[in-house]
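The following blocks contain the structures, represented as structure tokens.
Common to both upcoming complexes is chain A, partnered first by chain B, then by chain C.
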Partner chain A sequence: MSELNLVFYGIGLGLIAIGSFFEVVGAIGVLKLPSFFLRLHALTVSCIGGSILPLLGVAILAIGLEEMGSQRLFITAICLISVFIILILAPSGSHSLARAAYNSNTAPKQPLEYDALSRGVNKD
Partner chain B sequence: MIKRDVLVAFSLSLLVLSISLIIWLEGYIRIATPIISSLGESYLYYSYNPWYSNYTSFSLNVVSAIIWDYRGFDTFLETTVLMASIIAIYTLLRGFEEKVFLQPKGLSTITKTATKIVIPLIIAYALAIATHGQLTPGGGFQGGATLAVISSLIIAVYSLEFLYYMGYRSKRLVVIRGLCLIGLIIVAITPLLIGFILNTKSYIFQNMSKEDSFISMPSFLFDAPLAGSIFFYNVFELLIVFTGLTTALMLLSLRDVELKKAFEVREVYE
Partner chain C sequence: MLSSVLLIITSIYVVTALMYIIRLVKGPTIPDRVLALDALSFDLAVFLALLSIILENPILVSGVIPLVLWIHAIDIFVSKYLEAREMGE
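Showing the complex of A and B:
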């Protein structure tokens, strides 16, 4: 294993470790936070930080594994495409969940600091 | 309550740990039994084997070869069972009229744009699954189920009215289904008709040439294995499954107003 590949390997493993940290933080948040909107925030943390960073880590790690031949580029491309799709879909999904819960008044909004929607700042 | 939570978390992490242990062990010792039954061995041996042109089906995917070639009649009957289930839904809902010209009203612009980006990817993937059914894992049914995800997404994000606005009607979909089923039958009896014209022996659902009949469907398109009738069956099956699942989704999904009415009725009952 050459030195450049060792660097790739280290960066990939580091990204996976950071991603697992985000997963744990998101899990604690989902269990501990008081209201639906705050729990949704914790869910987004673990979805973006906990799935996109490890996928990028696997992509970089696969570039460094030279003994896999050209197969490693397939793994890299698959990881990057999954990152793209998750980056589009995860925020829009949590957005539509939050919007539905807000408009239908089914989830309690307390604790609440500032509600821009109720003052007509951004009506959509 | 806390004791139960701890127990659930502990057993879940134990499950993940044991699955990863099995995956790791698989590189060192053999877990699954190495013995295959002689029938399965012969399927694996003959499904793509140009040296035995009387037994092969020129399909690299053994599952497709078994489903559409070695037991084609069985799969055809399964497809008609799916048709019968849709007919059963129709029988249950007879006298039902589709409200067509209502204003489409969906979720917010952000969700609509994200769906718009994803839908072409799903279409391409579903077509690849179905038309490469003879090369890679997959086939007509899997491709059709993947394509039906689109109609469920459109119903959820763009509302049911948008589907009607695009021209989908449950009657038209059932007509397409019937035509595709007839297409399946036509592909199945084509070797029979050719054998009748050429005055030789031939079989229904025949794919490649057999010992006593030389009639064979096209096995290669340029240099890609087409696997004869398996390709056509997969394409027809894709359309059948897509239209069937879309019909069921359209008939069974409720609008917002209708759902509220249903809740009101339930409250009155209780």
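Showing the complex of A and C:
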């Protein structure tokens, strides 16, 4: 049983460490990139890589914590549920925010190479 | 060993939260601020989960689900207001 706990520790800590790397990359991108839409790209890195991977890591790590009793399954269940909620709701929220910022001309879209939407694709 | 590694990773998350707060204060337009708030709350969700592992207190992790649902509500409300200039009812 102890070796199995060590396997859970290893997988959980590995996932949390990889996720913290993605979080640092996404934070530097949100802080340093010049435009709103480029910052949105960096947000996707920090959301999927930096939030979902560490929550999965915490969920796996909490299975191996024998000294917490049966309350460790509470942590596992809530982390898995929040992983599914983030995976469904965060891309839809980012997409609606980008669509609103594009259509209302609130954010400047100046470092721009190709704009397919201005060629009559989305005229309604 | 487990606690020290988790403390280092939690301090990394605190530093990235400070970077998001800088963007939240400095952001030139409204969607930038909402974007920084979005990233900040996902960051805080992971921070709460790590804190409940470190303190061995499983009641802390139950705030993660309302936090995530709340940031989706913020996204939808702000984009609705930016696009149609009304909150909708």
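Definition applied: the second predicted complex is superposed on the first by the 118 of 124 C-alpha atoms of A that agree within 3 Å, B and C clash if a C-alpha of one lies under 4 Å from a C-alpha of the other, contacts with A are read in each partner's own complex, and residues count from 1 in each chain.
Assume a residue touches a chain if its C-beta (ideal position, glycine included) is under 8 Å from a C-beta of that chain, and two chains touch if they have at least 3 such contacts.
Please read all numbers here as calculations on a predicted model, not as lab measurements.
Looking at the shared chain after the overlay, A:79 reaches chain C, while chain B stays out of its contact range.
In the superposition on chain A, A:99 makes contact with both chain B and chain C. Judged by the touch definition given at the top, the superposed model places A:89 against both chain B and chain C. Of the two partners chain B and chain C, more residues of chain A are touched by C. The interface of chain A with chain B overlaps its interface with chain C at residues 85, 89, 92-93, 96, 99-100. Contacts from chain A toward chain B in the complex involve residues 85, 88-89, 92-93, 95-96, 99-100, 124. Listing the residues of chain C that touch chain A in their complex gives 2, 5-6, 9, 12-13, 15-16, 19-20, 22-23, 29-32, 34-36, 38-39, 42-43, 45-46, 49-50, 52-53, 56, 58, 61-62, 64-65, 68-69, 71-72, 75-76, 78-80, 82-83. Every residue of chain B that touches chain A in the complex is listed here, in rising order: 107-111, 113-115, 117-118, 121, 157.
The touching residues of chain A, when paired with chain C in their complex, are 9, 13, 16-17, 19-20, 23-24, 26-28, 30-31, 36, 39-40, 43, 46-47, 50-51, 54-55, 58, 61-62, 65, 67-68, 71-72, 74-75, 78-79, 81-82, 85-86, 89-90, 92-94, 96-97, 99-101, 103-104, 106-108.
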